[in-house]
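Multiple structures follow.
In the two assemblies presented below, chain A is common to both, partnered first by chain B and then by chain C.
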Partner chain A sequence: MIYSLYIFDRHSDCIFRREWHKDSGKKAGINDDMSKLIFGICLSLRNIARNLTDSDSFLTYSTSQYKTHYYETPSNLKLVLFTDLLTVSLVNELRQIYETLYVEYVVKNPLQTTEVKTIDNIMFSMGVDALIQSLPGYA
Partner chain B sequence: MSKVRTIGADVWKHKTDKVSLELFTLMYGSIVSQLCDDFEHDYTKVNQQLDKMGYNIGLRLIEEVLAKTGLPRCHSFRETADAVTRVGFKMFLNITPQLGNWSVDNKQFSIIFPPGTNPLVEFVECYDERARRELWYSNILAGVIRGALEMVQLSCETEFVSDVLQGAAQTELRVKIIKVLEDEVPQGEE
Partner chain C sequence: MGVLSIFILSKAGGLIYHKDFGFGLKKLNNSNDYLVIAGTFHSVHALTTRVNPLNTHSSGLLTMEMETCTLHCLQTLTGLKFVVVTDNNQSNVSVVSSTIYEIYSDYVMKNPFYTLDMPIRCHKFDRALNQYISTVE
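Now for the complex of A and B:
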């Protein structure tokens, strides 16, 4: 089961958020504070991993309730995906979202301001939906 | 390093859309000449504007580089320089400029275009004496590199120090790293 996707830009602002299975998943209402916490935990874990291994090896963490998949580009765009515990690593899919959707529809969109504030782009969100919903672990 | 060498060529061959070089060169030429008109031949302003345009291009262009090459973070500025010339220039302009003139502390280097290798100046001749002295015709490249490197946390200064169009033996673009940008954290958080 896939719960939600967050994208943070290099200024650590949350520029995209999407939730699936709102009712069946956790009931917690997700607000701005939540996205800050998510950013914080991912950044902290990444920094710990960096200190320990000297490379960007932080990819995922799990709790008893959910699993988080993390992908960061060298341009400091961070993608965070929440799923249940049964889901296999989706880091490659996050990479795919960056390569085929973010770059194509957001970065190359001439109407998009250079510093992305929020992604308000139907092609992008439809693409994300389609990709996520096609995954075997979606439902 | 050898990987970097092949990635650029590979991406250029298989993953990029191509346009006619003449079309590209002429289009860039008309942009520059339009800017010269718009700023009433104040070449300092033209240089600035080209740099700014390039900067905005660079901010976006780097994402395409990263997406298509999957390059990891560079570990040294020398690696970065290699990636800029062998991957960046190769995949967008199909040229590999030379690197040189490294400063002792490895914080400055030059990207060197021997005569005839810079596609932007293919058909360009500069008759105006003042333009010959003051205009950095390819200044957009300086902006592109500055913008692209900033997105990978490298704050740099870039400027042309010589240009074939100004009568120099080669075109030289100087890149100087100012600092490595820290990760930004949300305001009010520790």
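Now for the complex of A and C:
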């Protein structure tokens, strides 16, 4: 089960947020303040991973209830995906979202200013929906 | 070599024990950096209980996967955290961390000269831990 996707830019602002299966839970568990907490968690865990190993960041972390997948691009764009515990690592899919959707529809958009404030691009959000819903672990 | 490193954190987030095994991890040249890692981990652990897409009760961070190794955390009922870093192929880590907890109970908690929440300097604990880790495959 895939719950939600967050994208943060290099100024640590949340520029994209999308939730799936909203009705299956009681309420959407994550609100605006939460995105700041999520960013803080990912940044701190990334720094721990950098200190302990030679790699650039961590791949996933899990608690007793959910699993979080993390991918960071060289330009410090951060993609964070929340899923249930049964899902295998989706870091490659996050890279695919960046390569085939973000770069194509957001970066190459001539109307897009260089600093992306929020992604309100229908091609991008439709593409993300299609990609996530095609994954075997979606439902 | 399965287990790469062990951190023990007091319930306030202070690092009370740290030991590396083998050469799988980067050596930090400043021992303060390990204190920082422990403190950061303690606060991230608290945050991960709050951030929950399901709105149900969740434990804190249990495992964190990295490219070369995996970090596992066991939080005891008393708030102590046992953080065990292993390579990615290590199985049964929950057994390893609870055995380390057992060794801690036997050689640290039963040591009459040990003050709670202070850094662990007990030779018998060191010896028992080394002996146990060398048997972990």
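The criterion applied here is as follows: the second predicted complex is superposed on the first by the 134 of 139 C-alpha atoms of A that agree within 3 Å, B and C clash if a C-alpha of one lies under 4 Å from a C-alpha of the other, contacts with A are read in each partner's own complex, and residues count from 1 in each chain.
By our rule, a contact is a pair of C-beta atoms (placed from the backbone, for glycine too) under 8 Å apart; a residue touches a chain by one contact, two chains touch by 3 or more.
These numbers come from a predicted model, not from an experiment.
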Once both complexes are superposed via chain A, do chain B and chain C end up clashing or fitting?
fit
If you stack the two complexes on chain A, which partner ends up touching A:103: first (chain B), second (chain C), both, or neither?
first
Using C-alpha centres in the superposed arrangement, which angle lies between chain B and chain C as seen from chain A, in steps of 10 degrees?
110
For A:73, decide between first (touching chain B), second (touching chain C), both and neither.
first
Between chain B (first) and chain C (second), which, if any, makes contact with A:12: first, second, both or neither?
first
Would you mind checking which one, chain B or chain C, touches more residues on chain A?
C
Touch test for A:40: chain B only (first), chain C only (second), both, or neither?
both
With both complexes overlaid on chain A, what's the closest CA-to-CA approach of chain B to chain C, in Å?
11
For chain A, which residues belong to both interfaces, chain B and chain C?
40
Using the touch rule from the top, collect the residues of chain B that touch chain A in their complex.
56, 59-60, 62-64, 66-68, 71-73, 151-153, 183-186, 189
Please name which positions on chain A make contact with chain C in the complex.
3-4, 19, 25-30, 34, 37-38, 40-41, 44-45, 47-49, 51-55, 57-66, 82, 89
In the complex with chain B, residue positions of chain A that touch it
10-13, 36, 39-40, 43, 56, 73-77, 98-100, 102-103, 107-108, 114-115
Across the complex, what residues on chain C touch chain A?
5, 25-26, 28, 33, 37, 40-41, 43-44, 47-69, 71, 85
